[in-house]
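Pasting a structure below so you can have a look.
In order of appearance the chains are A, B and C, and numbering begins at 1 in each one.
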Amino acid sequence: MTDQQHIVSSFDRDLETIQAQIMKMGGMVERAIADAARSLESRDEELADEVRGRDKAIDALEEQINAEAARVLALRSPTASDLRLVLSVIKISASLERIGDYAKNIAKRTSVLSTMAPVNGSPAALRRMAREVEEMLKDVLDAYIQRDAELAYEVINRDQDVDQMYNAIFREFLTFMMEDPRNITPCMHLHFIAKNTERMGDLVTSIAEQVVYLVLGHMPDEPRPKGDKTSSDPSIAPA
Amino acid sequence: MYDTPTLERTVDSNTVKFSARDVHVFYGETEAIKGVDIDILDNTVTAFIGPSGCGKSTFLRCLNRMNDTIDICRVTGKILLDGADIYDKHIDPVQLRAKVGMVFQKPNPFPKSIYDNVAYGPRIHGLARTKADLDVIVEKSLRRAALWTEAKDRLNEPGTGLSGGQQQRLCIARAVATAPEVLLMDEPCSALDPIATAQVEELIDELRQEYSVVIVTHSMQQAARVSQKTAFFHLGDLVEFGETGQIFTNPRDPRTESYITGRIG
Amino acid sequence: MTDLSTQDAPFAGSGSSLMRRRNRRQVMLQGLGLAAISFAALMLFVLIASLVSTGYKAFIQTHITVEVFVDPEEISVEKLPRGGFRDVLLASLQKEFPDVEGRAELRSLQNIFSNGAQFQLRDMVSADQSLIGQTVTLRAPVSDPFDQLAKGLVKRETPEQLRRVSDREIDWFDTLDAAGKISQPVNWGLITNADSRFPELAGLKGALVGSFWALLVCFLISFPLGIGAAIYLEEFAPKNRWSDLIEVNINNLAAVPSVVFGLLALAVFIGWFGMPRSAPIVGGMTLALMTMPTIIIATRAALKAVPPSIREAALGVGASRHQVVFGHVLPLAMPGILTGTIIGLAQALGETAPLLLIGMNAFITSAPTSPFDSATALPTQIFIWADSPERGFVSRTSAAILVLLTFLITMNAVAIYLRSKFERKW
């Protein structure tokens, strides 16, 4: 990477503009995750509605970023790091948009859950998981803006923690549901929330991979660490 | 044919045509080329890019000894064509230039008829015994340069009466007529409009089937479009030489990066 | 600052003093250029006008037509080409003026004829001997004083003792004129006659042929040598101190005064080699020395003007150095070379001083038949005539200058035509 300026300074301004939009979008998505988790914990239906409403702005921003990126591709014919920047911007915005969708989904389930009896202790675990994802997102955006491949690798590794949290929550919900069938409906909702959060972690990881590609010119070498064993490990399944 | 990765689609020969080792070129006291090592493959378009005065044209002109015509120019090192040193005393530069054809920046047909333009090289090298032989060579060369359909009815009209793009293709036909093995092109499209440029680029891609093509270009986009291998020259050094896709998506040297992304460097 | 009027019309700055000054300068410069060109045109006009006004009279010649009885007593087949042609002519005039008697009177009458009339008659009779004993009609030039009288250059108002023709002679002339025996046809003799002491007979043939031989020799020597030297210097010679030295010397040579070349030719060609004096071959060689630098410089310029792309193209398809030069560069440079050569030859045609030094201002009454015969050239002929005392040579000098100018203009026109025709073929 180079911090030199382009000879054509308007090219620099174009690239800065789309990066600023990515950062803005990242900020909006971070807030959506945090608010969704908070509304779940505090059973705040109003906040949940707000999160769902703000998702439209995130979608619109993604569209705008894609349009800008297409313009830069057409008009500037970027090469090398510039090309990788534009490509990563397109992918990162798509990932952010998906994360935003998951946050919206969490908020939607929160509205449903607030009408039911609370399940003991589970929202706090979910809240921790969401906070972890939120931290990862914050770090990956920092890594992006500072072109820090180290930090991006670290984020990729932290996804394992999220996966493990999800495993724990998965087992916990299984237990709850087996204990009392009335818990099944709220637990199914809560499980989806946990699964969504886990997916968010995966998307943050893919953003981190884009950061690595942007900085180093190639995708991360080592296979992506997998912590989610619920789909492959039969021992977790109920007997 | 679609199962090969696009990035590797292009290089399909491993035969080395030109092999340069530690080539230095001096203009009087100034060193224009500072030790270049490069292997140019057969059936491949190799692009030389770099800022003005970086030595890419100078190096290109070493490959057919066009620099010989400049008195103060001195070349050291080895340049092997099919394993034979072209700067060897026994090599006649005139014969070499028939084997290594050249196309120049400005279309420069001779002020003669289209036919004579193409026939000139075969005539002076005695490649045709009879007029019929010569006719065959002229037609073949014009076909190869994708000019036959446009020119076949006006072979006796002056070559200078053609449009710029046609003139450049005529120059390519003229170069092809001496049955060369390598075609050197020194910014062949810089005087052409985009359509004529596209036609010449298409032609270059076809010529790759039979020749090793080396093209110097100021347009990085052109290098990206037509070449399979790209060499980046800077201040007389060969900074980076590699597969074109790699050079344009992920150059290894920061100087290459600065140049191809249009940064000051 | 924010003046409303300038805001409304941003280009209305013509009122500013800067703009006014700039415009004034522009007008002044154009005016000066126009004045210079007008002055040059005026001078050229004055020159041509004065030449034409004095010279046009030499293009007609006063002739007298007489019936001559070729008296067999005076002229016989055996004595040809000798014979009393003079007396026969006089007799034909005596018929017109029977009252003229006495030797002096008769000589005056005889003097109406040019000295060449008797030779004209002689040539007629020699060509056709059957004319002896017959009466023939002869149209012969009148002598210079009567020619001048007819052309009004000798004025009747001038007192008799100051005029070259007496009142009596004027009477004779007027009588002849009244009888329709005087005519003024076009003077082809100016071109077809060689030089003569008698203005009415003097022509430029010797000078034209002499100039032709001299120019031919000059061309044959300077053209191949000049082009050869230029090609070598421009295309093959290594660029070093020696070629620089040669280049400087060639440029200096072009600036050497022509009289120096004449001295050189006198010493070398005539002194050492013992070549004939006054001969066009020596003149041509001298002129070749002078023309060569011009041709070399013009050729080098023409070779330089051939775009390097053509050379590269030829080299690129594997042409050798001499194939490039003789197959491509030289043909393209040819129009420029020819233009330079013609201009050089035109210069040589007008050159006088070196020819004077090698004796090409001799008085020679027959045209040369080879470049080794003595001859004059056009400019030296003008020089000789301008020096001659007879009144008739005044207009002939101007006429000769007009002839010379016609040749020069023609040659330059050809040069311009060649240049425009072949200009930028590539």
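One rule holds in what follows: contacts are C-beta pairs under 8 Å (C-beta built on N, C-alpha and C of every residue); 3 or more make two chains touch, one makes a residue touch a chain.
As the structure is a computational prediction, the values presented were derived from the model and not from experiment.
Student: If you average the Cα atoms of each chain, whose average lands nearest the overall Cα average?
Tutor: Of all chains shown, the one whose C-alpha centroid lies nearest the global centroid is B.
Student: Let me check something: if the centre of a chain is the mean of its CA atoms, which chain is farthest from chain A?
Tutor: Relative to chain A, the chain with the farthest C-alpha centre is C.
Student: Round to the nearest whole Å and give the separation of the Cα centres of chain B and chain C.
Tutor: 59
Student: Centroid of chain A to centroid of chain C, CA atoms only: how many Å?
Tutor: Centre-to-centre distance between chain A and chain C: 102 Å.
Student: Between chain A and chain B, what is the separation of their C-alpha centroids in Å?
Tutor: Using C-alpha averages as centres, the distance is 51 Å.
Student: What does chain B use to touch chain C in their complex?
Tutor: 64, 66, 69, 71, 94-98, 101-104, 106, 108-111, 120-121, 124-125, 160, 171, 174-175, 177-178
Student: Can you tell me which positions in chain B touch chain A when the two form their complex?
Tutor: 220-221, 224, 248-251, 254, 256-258, 260-265
Student: For a test of understanding, state which residues of chain A touch chain B in their complex under the given definition.
Tutor: Interface residues on the chain A side: 2, 4-8, 11, 77-84, 217-218.
Student: Using the touch definition up top, name the residues of chain C that touch chain B in the complex.
Tutor: Touching chain B from chain C are residues 238-239, 307, 309-320, 323, 327-328, 332, 425-426.
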